[in-house]
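Okay, so chain A shows up in both of these, paired with chain B first and chain C after.
And then the complex of A and B:
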């Protein structure tokens, strides 16, 4: 999944540029087809032109239909639902029950949002992004310094961390940190540091999120490492060599040359990591207590799910989902502005 | 890592002379990286084969070797059915998204028409909508269509999630096919459809492989939608099945890890197989 939206967005960083060769190709092909033997009267010619004009739309139709029904319409629906008191009765009758901004007022006026859910979402995401990007970059720099054989070994192993599905990865981390039989508690017990009977990391908010962060960073750093490594390869060799001549040390070379040159790539991996880490669901929901029994550890995504599917307040759940979307939208816009300013400078 | 940095004047890159201190630093860094990265995978596998997995505590090596946990999850835990369901949904997503995305990619890469760039940007924007936010409306929609417990319903939702990426990727591949090749086909008397089938399709096959793998992984790994949509345990996908199994036998760690292994292995193999192409594709995407 990581990769999936990954390349999509990265490719999107420059839609105009990327579209140019395609447009060129299309124009040229158009001319090529113009070479077909032209026969018949003007009416046939018009029919042919119409057919040709229709063809791209026929090709696009199935995909656009799917996107409209399954992405665009639900987006409209979630906005509608967020303005309603939509519960079991409305689900069964299918009636709507608009209450204006009531759901939003209730959520935003609730200190639960400001003291628990929002910090759990925002602080957690920022910490994860920082750790993921920093660690991923360090791994990329390491890969650059390795010989071919070790580089292949390391990148294959990194792929394994990436490949691990979020669900199974989460269960493995739960097992590793299992308070009674897990490896960490067993090890600390053997060292005499803790008493497993008295310890449960999953009930404490900070420990819970520390484990979740470990899980998320472990799953997320390979994307950063692979992408930044690819970007490092594009730095012209003369640059660091010239800096070396001028007596710059490795630290200076990294901050003065590497970082500025591959800044756009840093921005892209940061924005993608931010988006992913803000909407973490399975990694929190599946942890002990994460499914609602421990209210201290709810984040926006899980809260929205629980309001809707456990408490049957679909309107409230939708309002929380809209808030999460707006938060992500704000971040995306911010980053895209940074990114486009970057492009103007280049 | 820091050792590598303090090693001073050696510039990065292959074929440079390396001092012993630098080599030692690199060795330590590599060992730490491998240990951190592999540890969960190793712990999952070794617990899945360990006859006394639940009580291994912190012993690094498993106490023996057994396939009992796998037998248990496949028979009692019904994992064979969950895996089959996941496979059906995954392959369905791959086939449908490959087909629809290829058509759409040809349209945007090979034809000039009004609104072309608008369509492209729209596809991109739609992709940025967090799908987690759409769980509630899609649940209600599927419920109205009576498709809640159907593998087909889940497949078309995953189709929607994998389409935008597949269209954008394939668009690049289609645009990269030289137009002369197409023209030659026309000169040989091919119609457009014939050209599409015997010229364009084989040439964009590598792109189709890449998008197929991504679509499969999306479908195979997805949790929230499968969890919300599939209420009948005969229709669970593997991830939801694991969740249900964990709910029932949460202390049977050997079996839970065996189930996790069964879910992880196909994806793991896929990733390692395509890793070179994956890295290359990401690089191309990121640097473009």
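And then the complex of A and C:
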């Protein structure tokens, strides 16, 4: 039916159609610029304009409806739940039990959040993002230098790391670092560095997160490597060649040419890695002690899950989830502003 | 994307998209109300756990037949996984799609009962004359403030399992007191240096519970309506101290065990690493199924008490709960059919668990199978249940007890400090 209304129009309708989604995208990135196309005459023209304005929305409606059902409604429910003391009893009766900002007050007033959960989440995520982007970039630079055969081999291997589901990967890393029978402890034992019977890496906060970081970086770097490699291919060959003629070494060429040219790509992979690394769940939850029995290693995601589904305090769990979302939104907005400033400069 | 190179919208594709989206949406609507069919008419819905009983299929078939013969109603059986059963029931509760009858873990009865989702069966059980013939620990576990939120179906308990072949080889005796347990573990450490004499695990609550109860302590006590934790009482601390000192002082465990779950402990026994473990009776079947020669290698004794006697062990298992069925009589017929008589003993036997009826359990003890009777004895003479209150479900979800053990094992806190912390954490949940 959306098509019907437009069937009388000619190709001239196309630019306006594009305008609405573009305007939508522009407002999302904070750079609105849309304007009304100049209308012709009296009523008929206005009606036509209305129809034209409506049409993209009609076309978007199914997708928006699906999004509303699948994304927007759950979001609203989480917000609602975060303002309630909501347990099994409420689930059974379907009643609401609003307590205002009580959950938030309790969480923010808990020193546990500030000394354990938040540092675990933030420091871990920052370290992982840094390592993922750095390692991914190094691999991309390597791929660029390799011949075709080795490049194919390397990228296939990288893809395998990427394709491995997080749960499987986590179990592999647990197995690698098993304190008693693992490969690592076996090796260190053979070297006489540790006594496996006295070792348990999973109980120590730093060792626990070091293993989790290995897991997350291993799972995350292929995306960075592939994306940065693709970006490297877009650098005009004249630039590094000219620099080479001027006597710039590899280090200078990387920082003076490669980085500035593909900076937007770096920003994008950093944003995405940040979002992913802030909300790691399976990689921590599945590790020994990670599901709550070791309070030292809880992060925001696992804490929210435990509050909701182990303690049946769905309101509290939702409030933690909302805080995590706000944190991520804040970081994303920061990045996007950086990105758009970048684009303006170009 | 919606533009052809000509700049005209591709009508057919747009229509297809709309139609596709409509189809997706209506599909969602269909599945959302698809489950209601089972509740109407003379049909009853039953959820039971998958994997407990290897011969579940034929059992269910004969149950369906017997039920239809007895009542004329059909039975719709769904298997669900233990691991996500709790979440699944909660979700069904939220979506108003609960079955008529479901198998529930004993520790869930207080939570779901307090939430108002389960029917109180106490009067029916009483009037059917079944009340006096239930295994006490199980009945206790299902009873909250006089209401009984489920009929005991089957249960199991943990006892001390040891490597009989190795004990015989070195002329060792199974321990009957705590001192003997320590001595035999220390001897094994000398005699079998490659083995772990007795893993002290930090990822499972029920091993340490046995020692708390054995020393005469309690996890929590009820005073009127109010529960308060007693896990930091001198008796309880003595039990925790004995259990953890086996690792921290006597060194008969390994550091890795401080994050082991019960399954890891079983695995270490199964691959020949551990010499003694506290394991459930159902694991015997697992071991035998893996390798029948285990029959000659396993010895079982009830968990010893400090000066002889037994340390009580948690009796866990399943209840059959009625989720406010609109056909309560039919639901009870089903529950009675499953939890008493032939169907109950048949299920228990093929699943490797014990029936919830005392008379059926006594029959198992009388058979005197060396791999079964010690467990059955533990269950009927020294069985216990964790505090029966909704709040304890929350405390278990929070892993308060395992966290306490892990802190002690990793040296982060002394026994008393960790116990005080656990008690404070529990009292906060109890609202004391």
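Simple rule for what comes next: the second predicted complex is superposed on the first by the 283 of 346 C-alpha atoms of A that agree within 3 Å, B and C clash if a C-alpha of one lies under 4 Å from a C-alpha of the other, contacts with A are read in each partner's own complex, and residues count from 1 in each chain.
Throughout what follows, a residue touches a chain if its C-beta (ideal position, glycine included) is under 8 Å from a C-beta of that chain, and two chains touch if they have at least 3 such contacts.
Just so it is clear, the structure is predicted and the values come from calculations on it, not from any experiment.
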item	value
Touched partner set for A:59, first chain B, second chain C, both or neither	both
Contacts of A:309 with chain B and chain C, given as first, second, both or neither	both
Which of chain B and chain C A:260 touches, first, second, both or neither	neither
Contacts of A:200 with chain B and chain C, given as first, second, both or neither	second
Touched partner set for A:88, first chain B, second chain C, both or neither	second
Chain A residues touched by each partner, larger count belonging to chain B or chain C	B
Partner chain in contact with A:109 - chain B first, chain C second, else both or neither	neither
Which superposed partner A:330 touches (first chain B, second chain C, both, neither)	neither
Touched partner set for A:236, first chain B, second chain C, both or neither	neither
Common interface positions of chain A, toward chain B and toward chain C	1, 3, 6-7, 10-11, 13-14, 17-18, 59, 62-63, 66, 69, 91, 94, 178, 309
Chain A to chain C touching residues, read off their complex	1-3, 6-7, 10-11, 13-14, 17-18, 59, 62-63, 65-66, 69, 87-89, 91-94, 178-180, 196-200, 202-204, 288-289, 291-295, 306, 309-313
Interfacial residue positions of chain B with respect to chain A in the complex	1, 4-9, 11-14, 26, 29-30, 33-34, 36-41, 43-44, 47, 54-59, 100-101, 103-104, 106-113, 116-117, 119-121, 123-124, 126-130, 132-141, 143-144, 156-157, 159-165, 167-169, 171-172, 174-175, 179, 182-183, 186, 192, 214-215, 217-218, 220-224, 228, 239, 242-243, 246, 251, 253, 256-257, 260-261, 263-264, 267-268, 270-272, 275, 278-283, 285-288
Chain C residues within the chain A interface of the complex	2-3, 6-9, 11, 14-15, 17-18, 20-22, 24-25, 28, 87, 90, 93-94, 96, 111-112, 114-117, 202-203, 254-256, 258-260, 273, 390, 393-394, 397-399, 402-403, 406, 409-410
